[in-house]
Every structure is written in C-alpha cells, then in structure tokens.
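Some structures to go through are shown next.
One chain, subunit A, appears in both complexes that follow, with subunit B as partner in the first and subunit C in the second.
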Partner chain A sequence: MTVSGKATPWFLSAPALTLFAALLVTPLAMTFLLSFNSFSFYGGIENTFGLENYAEVLSDTYFYEIFGRTFLIAFITTAICAVLGLPEAYILFRMKPAWRSFMLLIVLGPLLISVVVRTLGWAILLGNKGVINEFLRDIGLITSPIRMMYTSTGIVVALVHVMIPFMILAVWAALQRQDPATERAAESLGAGPFTIFMRIVLPQAMPGVLSGSLIVFSLSASAFATPAVLGGRRVKVVSTTVYDEFLNTLNWPLGAAIAILLLVSVLTIMIAWNKLVERRYSGVFE
Partner chain B sequence: MAFLELQALNKRYNAVVAVEDFNLSIERGEFVSLLGPSGCGKTTTLQMIAGFTQPTSGKIMLNGRDLGAVPARKRGLGIVFQTYALFPHMTVEQNVGFGLEMRNVPADERRRRVSDALDLVHLSHLGDRFPRNMSGGQRQRVALARALVIEPELLLLDEPLSNLDAKLREEMQLELRRIQQEAGVTTLLVTHDQSEAMALSDRVAVMQSGRLIQEDSPFDVYEKPATSFISTFLGKTNSLPAVLRRKGKKIDIIIDDVRLPGPDTDLPDGPVELSLRPERIELTDEVQATLSGDVVERVFLGDHWLFRVDTPIGKLLVMQRNLGRREAGIGERLHLSWKPEAMRLLPRGEAS
Partner chain C sequence: MNRNGFLALCFNALFALFMMGPLLVVIGVSFTPTGYLEFPPSAISLRWFKAILDNPDFIDAAWISLELGLASATLSTLLAVPAALAIGRERFRGRDALQALFLSPLTVPTVVLGVAFLRFLSLFDINGTFLGLVLCHAVIVTPFVLRLVLASVTGVDRSIEMAATSLGASHWTVFRRVTLPLILPGVVGGWVLAFITSFDELTVTVFIVNPSTTTLPVRLFSHITQTTDPLIASISTMVILLTVLLMLAVNKLYGLDRLLIGGEAR
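Coming up: the complex of A and B.
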C-alpha cells in the first residue's frame, strides 16, 4: 500500500468530495464570478470585472422591498412553524406508540409529494374562485372573494405547510433527548400540565425549536416553487427575481449578484442567530 | 393505623401481574426498604404511591387519608428518581426552589428554605451551578434537596444510588441515612441491592414476583430468611437439600451419607432445605472439624478470603476474615466446623 495513514481519510472521501466540488462548489464559484461581469442589451454578457451589479441592487429601493418581503415571509413562516410545530411534536410524542407512528406518517407524508403539486393544491384552495372563497360565499359569510392568491399571506400559508415537518422533526429529536422523569418530577412538586409544558418541556425542547428555525428560515428565504406559483409576478421574492433576471431579462450577471446577496444575507442571519442561541444556552445544553 | 398503609394493592398490565396482593404498613419517621430483584414490581409499587400509576385494585392510605382520588401533584410527596430527573435548564437553586414556587411560597422565605435544604446536603456553595456541570454524587444530593425542601410527609427513593460508582455509593449511604434522620422524614426506598437495604433501613420488605414475602429488621431478614430465595438473595449462602430426622430429643440432618447434629426447629421430619452462611463456617483443626475437604477455589478480597471447599456434603463456600496470615491454597485440605444453630432449615419445594 502506498497510501499513508494520514491520507487515507481523504482518499476514502475522494468520490464524495469530487461530487461535492463538481456539483456545488463549481456552479457557486461560477455564479460568484459571473456577478462581477457586466451586461448590456446589445452586447450581452461581457467578461469585465466590476461591482456595478452590486451597486445597482444596493442602490435601488425596488430590490430592498423584495429582500424585505422575502425575509418577512421567511420570518413569519418560521414563527408560525415554531408556534404550531412545538405543541404538535409534543402531542405526537405523548401519544401511544401505535397511534404515534400513524400520525407521524400523516405529518411527514406530505414530504413525499412534490412541492409543486402541493402548492398547486393550495392555489386551488386559495384562488378567488377557489374552494375556500366559494364555500364562504355559499354560506353567506362574504359577498366578494377574499384575495389570497398573489399575496404574501397566501405564500406564508403554503410555506408553513411545506416547512412544518422540518420543525416537527427537529423538536422531536430534542424531546427524545429529554429525560421523561423530569416531567414526573415537576408533577410531584405540584406543577400542573400547563406549567409542566411551559417550564419543563418547552425550555428543554428549545434547542430543537432553534435548530428547526434555522432550517425553516433558510429554506423559506430561498424557496422558489411556492412563491412562484402563489405569488407570480405580482408578489416577487428574491428567488423569483433571480429567476426573472436569468430567464426573462437575460441579465445573468445581475441575477448572479442578487443570488449571491441572498446567500450572504441568509448565511449572516443564520450565523448570528446561532451565535445568539449558543450564548443564551451555553450553560445548559451541550 | 400506621402512617402509610398499602392495602391489598394489585397492578396488572394486561396479562402481566406487576404487583399482587401487596400489604405494607410504615410508621411515621420510619425508613423502610423495598428489596427485590429487577422486575419484581418495586418501581410499580412506588409509582402507585406517587400517583403516576393507577392501581388495578387496593388502597393507599397516608396519614389516615385515602390517596386513591388524589392526583400526583396534590399528594405532596418527595420523590427522588433513579435518573435524578433534575431540570437541566435550571440552576441548582432553581431546581430546589421549584416545588416552593409551585406552592406560592414568598420569595424571601423560598430563598431561606432553599439555602437550608442545600445546607442539609452540603451543597450551599454550588447553588449557581447547572446540573450538567456536577458529579453524580452532587446531582444525587440536589435531587434529595429538591424532594426534601417541600417538607414532604413521605419521601420515596427509587434506586437512588444505583447510578453511582461503588465507593461513592458507600459514602452516599451514610449521607442518605444522616439526611433522612436530620429531616426526620418517613422514607420508602426501593432497591435491588441488599447491602444498601440493610445499611439504610429500619425495616426491609423483600419482594419477589410482585409479592411481599418477608418484612423484618435487616438483621432478622438476614439471619432468619423466610424462604431459600431470600437466603440466597440476601448475602451469600450454601444451600443444600437435606433430610431432617428426629431421634427422641436429638435432631439429625442427613445429607447424602453424612449425618450432622441439627438445630432446633419446628419443621416435621422429611426433606428440608439447609442454608449455611459462608461466614458462619470456621476453620479449625482435624480433631474438632465437623467436615474436612480440599480447597478447589480461592479468592482474596482484601478484608476476607473466599474458599470453595469440596466436602462430603458438596462444595461449600467458606468465608474467612483476613488475619494477615497465608491461607490454604488450592488442593490443600481445610477442616471446617460450625455450630448447629448456624444452619437454617427451610421447608423444601419452596419457590426459589
């Protein structure tokens, strides 16, 4: 054998590393380089090097609005997922095993269906002539339809549906790590069910909620299919804007710059969030 | 009526009988151990007293009050769990203060009582620590302080020392006994460790397959085991099938072809189970020997030696205090003697 002991791990992970480099690092690096090129309607993409794309994005309130909307949608989606997902995970956790596996299948089942299909389902429900509006009109609650398609609200509703399994899984993992006797200990000390949930279960599940939030936030901020179908041209988010730049305007360098800015801002928010969490819980959890 | 009374307690899980016709009385201030092998229903019994498990039938009376309809959180019992079940996100002080908080004890009184409880377990200097930065023994004490601070009528301990290493376990045994006596709290301890049960309690209740089979002082349980199961479960013993035969006033024990003078007994003539503790067998010379045999195994344990000696009545385990001299090695002959009273006779055919 010519491979020394130290090189063996590298050697063994070479296939995975190659794949990683070819499929992730390369396109990302090329996008990064592309974002410094320039573009004109007549000349197309020119192989120059400058920051004018970034300057354009950062000086235009139009883009600020899109970024603001994207992060607001991602933030609200994350908050709703946390508020719904935590009790849902806890209820699942406390179920009898037979029921639990069945309900878990129902919760996680949607992950097996394409996001596009699920989002189209939401479009059928939320449209002006959709199931919800028709129903509300039939029972006489409304006369003109409530607008839900092509609104941020509609996007949030559908994103919550797509993202909540990730939150439940993360909280689930945290619940499984906690000692079930702590709940009984609290009960023996006089705590009622609500107090036990708020004071004993919730704080111990918090690391799960926080890591779930990281996943949900980053996936929501870069989600494409859901905002594309439910927001269309009218409610643009960053990912749909990038798509438009690439495929409609054909201004690839500008699209690349926006994409890089999205990547950097999501990463920054995640790292800051993680730091905050680590500091807050450093004494308590590994 | 006793302070705590368990009356005809039963617990069934479908086909599994976890606890069966269990009766036990505990006086105020008493320290009682529930001793039995794993799976015999100790935890289930404790959980029923605590209120976490509903008995299938039977009654639990505490201080004259029927606990049947009282939910766990209203029973006011102090419980120490096997895993300690400390709240990992709270400091030691917050852990200990939790029960007082639930009772709406005012903050300044709470602080005083928490600090008293931490004094009791010698942890006053670690109030700000989080549990995960503490050793097993320290966590154990926090759990104890948290259970005692609410001044419970009854303290329940489920294998509280089983997660500690051997040396710490011995220290904590003494510590636990001191704390229990200082707090003067009625205590029920569950354990599978016979030395723990004997070291700590005023009374030992031995359980087997969901049933209570003997309750007595530690000394009496050890010296007068009611069944051969107890004699083997508590300490080491030589258990031999024998035949009892009376000749006028004289009582003989016959094992194989060997006839030995037997102890006083009420048992009728016939097959019996003989139990002889290894520490009751003495080494002596050939003339005074009850039996002699060759050493087939020898183990040195620091403060004592253990021999297995091949005698005419079978292989006997013999314990000899370490007197600082060289003892017989394997293959050498040992002369054994014991007093007839050292032998305990139990009816044979008893479940073992």
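Coming up: the complex of A and C.
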C-alpha cells in the first residue's frame, strides 16, 4: 500500500532531474550543436551550420590513425584483462574468507587510488632509465634500454593495471551468483579440476567476463590520463586529441566533432555488444 | 570450499605484485634523499615530504580537492537519496528512463563530458569557478551514490514503515526514524565512493578549472607531463595514504567488493 499519489516519485526526483537536465542534457546538446559550427583562426567560433568538421575528420588519414590506435589499444587491453582477470577472480573466489578479504583489498584497492598516481608509478617503471630497464641491465639481460615509454605497448600495460579490477569485479559478481553445489556435483561424478573449470565454472563466469569486457573496453577507449602521460605527444589517442583541440589549438568545433564521433562509436559498440551477449545468453540473465 | 593449487597461488602472488608494483615504486621513490628518482632509494629520507610544505601550490590544490569532494559528494547524496526512494519503490511511467538518465554519466566517455561542461560553463561565464566544479562533479558522482542507495532501498522491509505510519508517525518522521537508519550503510558507502571519485577526478576537471581553482589531480597531471621528480612522488604517497585510510574505513563499514560492485553482491 502506497500512501503517496502519482506525483510523488517525480516530486522526489525533481531536484536530481533539474541538475541533470541543466548540467548533463543541455551541455551534451550544446556540444552536438557546436560540432556543426565553423572555426577560423582570427574570428574564433562562427555560428554557422555545416558538416565540414565531420568531413575534415572523416577524410584525413591522420584521424583514422588516431581512432584506429585508440580502439586497438582498447581491444588489446580488454582481451588481456579477460585472460588475466577471469582466473584471478576464480582464485579469489576459492580462497578462505580471511585471505580473500586481504587479497580483495590488494586487487580492488588500486581502483580507488588516483589514476594520475598509478600512471606516475608506471612512468617510473617504464622509462628508458626506469626501474624495469635498470633491473634488466643490472642482471645483464640487455645492454641498451627497451623503449616502453611513449609506445602503445606501455599504454596497454598501464591500462590493464587500471582496468583489470573492473573485470575482476564483474566476474566476481557472476561467480557469486552460481550455485556451489554444481561444482561439488561435478567433483563427485569424477570430474578433474580442469574439467570442472572448463565445463562448470567457465560457462557460469562467462556473463561476468562479457559485461566486464564492455566496461573495460568503453573506459579504455576514452581513457585520458594514462595515454596522455605514457604516450605523450608521440602516441596520440582520441581523448588526448580532443584535449589538444580544445585547450591548445582552441578549435572547439573540430574538437566537439571528434568528441561526438567518439561518443557515437563507443555507444554503437556497446549496444552491438549488448545485443550479441543477450542473444547468446538469453537464458542466463533472468 | 576448495583450496587453490600451487600454480594458482603463484599466479595470485604475481598478480598481487603487478597490482602493487606501481604503487610501491611511487612510495619507495618518495623517500630518496637525492634530487632525482631512484629505486630502491639509497637511503631513507623525509626530504621530499618536507619539500611539500614549501610548495603552497600543491597544498592549495589539495584543499580545493578536499572541499570539492565534500561539497559535490554531499550535494549528490542529497539529490540521489530521494531519487533512489522514488525509483526503488514506486512503479511509474518513465521510471526506467529516469534511472538510465541518472546512471548515464558512467556510459558517456569522460572526455566528452569534459568538453560539454566546458562549453556550457563558458557560455554562462562561470567556467573555472568553484560553483561550476561542484555542479559538474555532482553530476559525475551521482550514479555511484544512486546505485548504492538503490541497492539498500530495495532491501528495506516496508511493513516496518507501515507500522510506524499506523502508529501515527508523519511521513517525515517515518523517513527520519525508520527509513534513513535502514538505508544508512548504502548512503554512507555512496557518499564515500562519491567523495573519492570527485577527489581523484582528472579527465573532466582538466577542462573546467582555472589557475585559482586547480585541483590536486590536475596539478599533479600538469607537473608529470613536464617532469617527474621525487616531489611528485612524495605528494602521490600522501594521496595513497589518505585513500588507503578511507578505504580501510569503508571496507570495515560496507565491504569493498560490495561498494564497488554497487551493492548487489552478498
């Protein structure tokens, strides 16, 4: 029995709705409109309406390279997160509770620590005179440093570190939904640990891997701090390009067009991925 | 409960090293007595922690981040709690759309949010102001509060509220004395997560600060893109310390996995 009338939910949501209408919907709509404006070096933003910014992005191989690199980095990061995150989540799941809560702090805790700080750690590790190169030189494995700063590889390594807690969380949530009796049943029927993992655990963890992949991919495709610090000017991705257009070149309309293209492509991939997952696992999500 | 095998434990140890490595390196480097980055440090010195005190830029930035985190987390909690009560327990047209809207800042790439806020705030000539920062951060952190409060709202037994109402309590009294205490863990967990998110936010903030409202992450970021020195490591170590303390507190209170998944597990 609800005492409240029909208007109550809207009354309760009104403050949040006002904020979101003013500071989310309006700014996004304005950015969309901005992407059709033109820019001149002397006149600044001109209130015209045309597709020239989109034409510029879509006709220049420079931008194709940036978009291609961004999505390739996001894809490889996602794949590595899935391959490493799934077994780690399963190992955590099988730990004794006391150990597990300690390990969860170690594995998930970095998620709450500033991305800038974590990226600084990778910059110290990956530099030409960084910790990894100095170590490899000291033990005589290399004579000249391996270049890892300002490369896509370096960005991927650091992004995996930033993103993998999301994958573990998603798999973890899926594993907690499974019935432990199924594993015991398989064991009592004579299945070895490998068979149990492949035939019982993996299928039940898969929805978690898929939803984790979605999160990791979309966050990696729009990551800023990590590629900006570890890629520098040499390895540009979409978000650092948008940053440069807005704060260095000051060509806001072009930057807005690139941002809208990023938004549209990320949303398209997410919706397509969701459709794919739903079709495959229509029975699993109740 | 099954036990993990030897190989699994090795994998787990390597994984823990991978997760902790970059943080331990930052902490280690910050104790160097030298003027450059060295790891492991040749001696232990607090030189670079003392140096923080000589850099008011960073201290000012830390205060701004702190105030911004407190203000935006509190504002978004005040907005998200009633919204979560509406979405979590009423059935009305537009409910799903409303929830999707309130969660959408998680889906839109942060860099897109950043330029959108920049465009909006500069048209109203409030770009770079503290007010602008608070409003934008409130939008970004609301999904986190909403998810956790929603999870605890759906767990509330409504018959307790009805009992209170039938005994003559007003709506407001029922909320204050019955509902709020029941959903308090979710509210506090959401507030802490919102605070940490705001305190650490870079990608959006970098677009909407001016020199007088520069936050700590933005200051650290612009310093790191030019040079990495032990000073930046000692400041980062302080950030790590602060976050770990908050994390341990919230882990005791709410459970870290539950906090991060959004309250659905367990």
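Just so it is clear, the second predicted complex is superposed on the first by the 279 of 286 C-alpha atoms of A that agree within 3 Å, B and C clash if a C-alpha of one lies under 4 Å from a C-alpha of the other, contacts with A are read in each partner's own complex, and residues count from 1 in each chain.
One rule holds in what follows: a contact is a pair of C-beta atoms (placed from the backbone, for glycine too) under 8 Å apart; a residue touches a chain by one contact, two chains touch by 3 or more.
What you are looking at is a predicted structure, and each value in this text was computed from that prediction instead of being measured.
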Identify the partner contact of A:Pro203: answer first if only subunit B is touched, second if only subunit C is, both if each is, neither if none is. first
In the overlay, answer first, second, both or neither for which of subunit B and subunit C A:Leu58 touches. neither
Quick one: classify A:Pro110 as touching subunit B (first), subunit C (second), both or neither. second
Thinking of the overlay built on chain A, is A:Ile142 touched by subunit B (first), by subunit C (second), by both, or by neither? neither
Considering only touches as defined above, state whether A:Leu276 meets subunit B (first), subunit C (second), both or neither. neither
Scan A:Thr182 for contacts with subunit B and subunit C and give back first, second, both or neither. first
Comparing the two partners subunit B and subunit C, which touches a greater set of residues in subunit A: C
I'd like to know which partner A:Ala191 touches here: subunit B for first, subunit C for second, both or neither. first
Seen from subunit C, its contact residues with subunit A in the complex are 1-5, 8-9, 11-12, 15-16, 18-23, 25-26, 29, 37, 39, 78-80, 82-83, 85-87, 89-90, 92, 95, 98, 101-102, 104-105, 107-113, 115-120, 123, 135-136, 138-139, 142, 162, 165, 171, 196, 199-200, 202-203, 206-207, 217, 220-221, 224-225, 228, 232-233, 236, 239-240, 243-244, 246-248, 251, 256-257, 260-261, 264-266
Provide the residue numbers of subunit B that touch subunit A in the complex, in ascending order. 50-52, 72-79, 81-83, 85-89, 98-99, 102-103, 130, 132-133, 146, 150
Subunit B-facing residues of subunit A, complex: 178-179, 181-182, 184-192, 195, 199-200, 203-204, 206, 281, 283-286
Going by the contact rule at the top, pick out the subunit A residues touching subunit C in the complex. 1-4, 6, 8-10, 12-13, 15-17, 19-20, 23-28, 30-31, 34, 84, 87-88, 91-92, 94-96, 101, 103-125, 131, 158, 161, 164-165, 169, 172-173, 176, 183, 193, 218, 221-222, 224-225, 228-229, 232, 238-239, 242-243, 246-247, 252, 255-256, 259-260, 262-263, 266-267, 270
